[in-house]
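Listed below are the structures to be examined.
Paired with chain B in one complex and with chain C in the other, chain A is shared by the two complexes that follow.
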Partner chain A sequence: MEFGPHLVLATLEGAVTAAVLALTAVGLSLVFGVMRVVNVAHGEFFMLGAVLAWWVTSLIGGPPALGFAAALVVAPLLVGLLAAAADMTVLKRIDYDPERTIVATIGLLYILQQVTLMTYGADARPVEPPFNTRLAIPWVTFAEGRPQLIWPWGLGTTSYKLAVIGAAAAVLAGVWLVMTRSRIGLLMRATQLDRDMALAFGIPVERIYALVFGLGAALAALAAVLIVPISQAHYLMGGDPLLLSFIVVIIGGLGSLPGTLVAAILIGLSDGIISVFFSPTLAKILATLLVALVLVFRPQGLFGLRAA
Partner chain B sequence: MLRLEGIGAGYGAAQVLRDLTLKVRPGEILCLAGRNGAGKTTTMKAIMGLVPLSAGRITLDGVAISELPAHRVPKAGIGYVPQGRRLFGELTVAQNLEIGLMARGSPLAVLDAALDLFPRLRERMGQRAQTLSGGEQQMLAMARALCLDPAVLLLDEPTEGLQPTMIEAIRAAIRETRARGAAILLVEQRIDAVLSLADRIALIENGRVLDTLEAEALRRDHRRLERHLGV
Partner chain C sequence: MSGGGARSLALHGGVLALLLALHFVLPAYHHGNLARIMVLASYAIGYNILFGYTGLLSLGHALFFAAGMYGMGLAMRHAGLGPGPALAAGLAAGLAVSAAMGLLALRTAGVAFMIVTLMFAQAGYLALLYFGAWTRGDEGFVIQQAERILWGIDLSDPGNRYLAALALFALCLLATLWLVERPFGKVLVAIRENEERARMLGYNVFAYKLGAVILSGTVSAAAGAAYGLLFGYVGATFASVQYSIFPLLWVLLGGAGTVLGPLIGTLFMFYLIDLSSGVTSAYMLVAGVVLVLVTLFAPQGLAGLLRARLWRWLP
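Let's turn to the complex of A and B:
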């Protein structure tokens, strides 16, 4: 394949990565922004989403679309409830102390991982996509000075991959609307801006925290349900999304949703493109290098506000 | 009536308030006067449940609000204008006021009454709070607290750093709120403000109330107040 079609292909792969990454990272960013909690277990909520998707689809059987639709609802819901319970039983008890929450969520990471290993096992299991039509993509070449439409072999995508991008965009738009337009979003933002003043104006901060922690985890789980038909469910799959989400959240500016979104697109696309043309390892190395540069030259992130 | 009965409070191991007792009646302004670090702001935080009590209790009309979780205290009818205003800076004026209204589910008429005191805010509704001038921010902080239609209003240095015309507007609003029957606990450092607003004055030092004086007596002889504030 020539360079042009190859780049289109890489960009499409990158867009799928970016979409899933944006969902996952927005969950992490929301939790950090509102609660000031660095959730090291975020990747395990992602993993649980994928594992639950496998579990729901194999339990229901029938046509793939039916099981998948159920998984889209059930997996994020269960993961969100589990996270809210972890918030109320663990994080609240240690009073959201920054250092102790890191240790506590590391503990949560291992518990979730090992319990999954003991119950679900060490196999990677596939989930069938609800639909998966192959779509060829045309390319324009110039033969004897005249444009000509061709269909290069191997240049194409699937309807499912496009649907992942669309679904992620729709969910992110929904999160944005909730945060900026709804009453509950207003309460979350007030809590984020000044916890004590939120309390002094009657906002039940503890309930907001449980809700935000649950919502953050549910977004990671939803991202995993979307990607699992492409990448399979495995008990160790939480590592990469955690690392990439941290990279995105740091580059975008801690707690800034627009920044997180832009950084996710940047990192996702470049990860896809560099992985296709060079290697996935190089993509991770460059992303990590970018984080180091951001931390040195713009520690508040591209979109973060400088600490007062 | 708001009563603080022998309260102790502090930050971690540091005890700030020691056996502090005072009461504020409906329709009066009680002024807390004392030097920097005396514990005035901590007293207000203790009333709001934002610092834990180590001793004593706080009641409002006989209800022990010191036993409530912090987010229930405003619902009992206490509006708080903290030192330094502490608005939700990235939110708009309207959103700051909406949070005040939601605190107790106040009807819109309460918002109207609050805005009647500060008509300038009506022209600023869509603006972010952090873009207002200092005086307007203070007006918003007060309007936000008045949105609770509070039985008790806590005001912590509400005219700190403001221009004279603004100070007059804030003072007029404080008097108006007293006339509506609220009990007002006011922290003030300026002697002229204390003398022009207060009905009674509690002198506070090292986390204790040394003495409570009638404003009339102080107006005749304010050397005691000057000595206490160290001016």
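Let's turn to the complex of A and C:
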């Protein structure tokens, strides 16, 4: 098959990556925006989401859809509670000092990863998708002077992948609604703007922090539950989402949700396309260098307004 | 301070003499471990110059360590240099990489500096994998025994290896001891304590910080080159994030901004991980727990506790 159909395919795969990445990165961005701390353990919360999804589905059994629906609820909830507990026991005690928080969350990263290795083991395990119809993509070519529809042409996508894109979009819309329209979102934004003033107005800043940290981790876990039927659950799977979320959050402008979203789509699509046509390692080298140079020469991000 | 000078000379000289004495009495297993620890502690000393004394937290020092190691290893493997010139190539690589990194990364500060260094190191690690045809990527390559004879001394022999590691460590230790008493070292501490004030006093803060990055990077590269030469293996693992986290962990645990801290931290962590890897394959769990505990309860580290409680003069 020629270049065109492959590009369509790469774009679709990229869109799935972008959807999951957007969820993960928005979680990281939310934590940075409100709390002004960088959570290096974010990738491990993603990994825990996937591992818990495997655990819940294999515990429940029955039809795949039932277990998967349970995992969609249970995994983000448990991960969110764990993150909130970590916030209250560790981050609160070091007073959210930016540099010490990074060191502490590096420690947290190894604790979560290695405890998973000890309990869940080193195997990659699959989770059955709730539905998985193969969909062939139509393609139009020009032959003998008139357009011809080629369908099916061998390659295609699955209904589940399209559902992942839809679900991610729905969740992101929900996050946006909560942040802009609800009372709790108002409290979060007030804390983000001026922590001391928020405290003076009687906003329970410490509880808001725990909530935001838990919510950020839960978003990562949710993204992982969505992707785990496509990839697999493995204890080292947190590295790539962490790196990519970092890239997205920095390019989008630290703490800016719309910028994060735009950057996630950009990075997800280009990562998918570059990885299909070139080497995935090369794609990552370029992306990491881009991030470093953006931080050096344009610290407010490509779309953001505010410096880090 | 004058009394402190004599006491600190006695203390650090005593530590070096103890390490020399251990050469004759330690059983083979611990003898080999301690040689490794001294090279890694030299790496930690390099890290400490930047983190402990200048107050810049880098998450990308594996890049410097690997620059030294690969600068040495690739010069041997592809240019056919002997160990002496290859070591010099490793140092030169460390110098060049740290100067480039410093010039770019020092335009940022705080959290952004940490992320920029992390990203550069990650790009370097991925580049080592990408150019696997020359670097042999993850698999790495072995430096043959015949190529490890420096000035007629066979460095693959455990006894010689221990003494070479001790020589490197002593050099790094005495250099830091000397540095922190010099005006250059004092200015670095002034920048750590209050950068704005140092600038107001008329110091060119950027130049001092750049000097610290280059010095720290070159010492780290020296440790990396020595590690490759002494233990005969060069691999991309040494460029991974883990090897950027390790020196941070060692220095934090031992005591940031103390001359002996890096050795204490490396010694403790090495044996902690050595013991726990006998019990479980998840030995990095120990590293994570220690990082969290040190951040929570002992941000000044073990040597820092000593300084606060017992020996006020500890440099």
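We take it that the second predicted complex is superposed on the first by the 300 of 308 C-alpha atoms of A that agree within 3 Å, B and C clash if a C-alpha of one lies under 4 Å from a C-alpha of the other, contacts with A are read in each partner's own complex, and residues count from 1 in each chain.
Going forward, contacts are C-beta pairs under 8 Å (C-beta built on N, C-alpha and C of every residue); 3 or more make two chains touch, one makes a residue touch a chain.
Note that this is a predicted model, so its numbers are computed, not measured.
After overlaying the two complexes on the shared chain, residue contacts for A:L215 are found with neither chain B nor chain C. Of the two partner chains, chain C is the only one that A:L295 touches; chain B does not reach it. Shared-chain residue A:G107: touches chain C; no touch with chain B. In the superposition on chain A, A:L117 makes contact with chain C only, while chain B stays out of contact range.
Of the two partner chains placed around the shared chain by superposition, chain C is the only one that A:I94 touches, whereas chain B remains out of contact.
Looking at the superposed arrangement, the partner reaching more residues of chain A, out of chain B and chain C, is C. In the superposition on chain A, contact is made by A:A190 with chain B only, not with chain C. Of the two partner chains placed around the shared chain by superposition, chain C is the only one that A:I285 touches, whereas chain B remains out of contact. Touch criterion met: A:V205 reaches chain B, while chain C stays clear of it.
Against chain C, in their complex, chain A makes its touches with residues 38, 90, 93-94, 98-100, 102-104, 106-115, 117-118, 122, 243, 246, 250, 279, 281-282, 284-285, 288-289, 291-293, 295-297, 299, 308. On the chain C side of its complex with chain A, the touching residues are 57, 59, 104-105, 107-108, 110-112, 114-116, 119-120, 122-123, 126-127, 129-130, 245, 248, 252, 280-285, 287-293, 295-296, 299. Against chain A, the residues of chain B that register as touching in their complex are 45, 48-50, 70-75, 80, 82, 86, 88-91, 95, 98-100, 102-104, 144, 148. By the touch criterion given at the top, residues 183, 186-187, 189-190, 193-194, 196-205 of chain A touch chain B in their complex.
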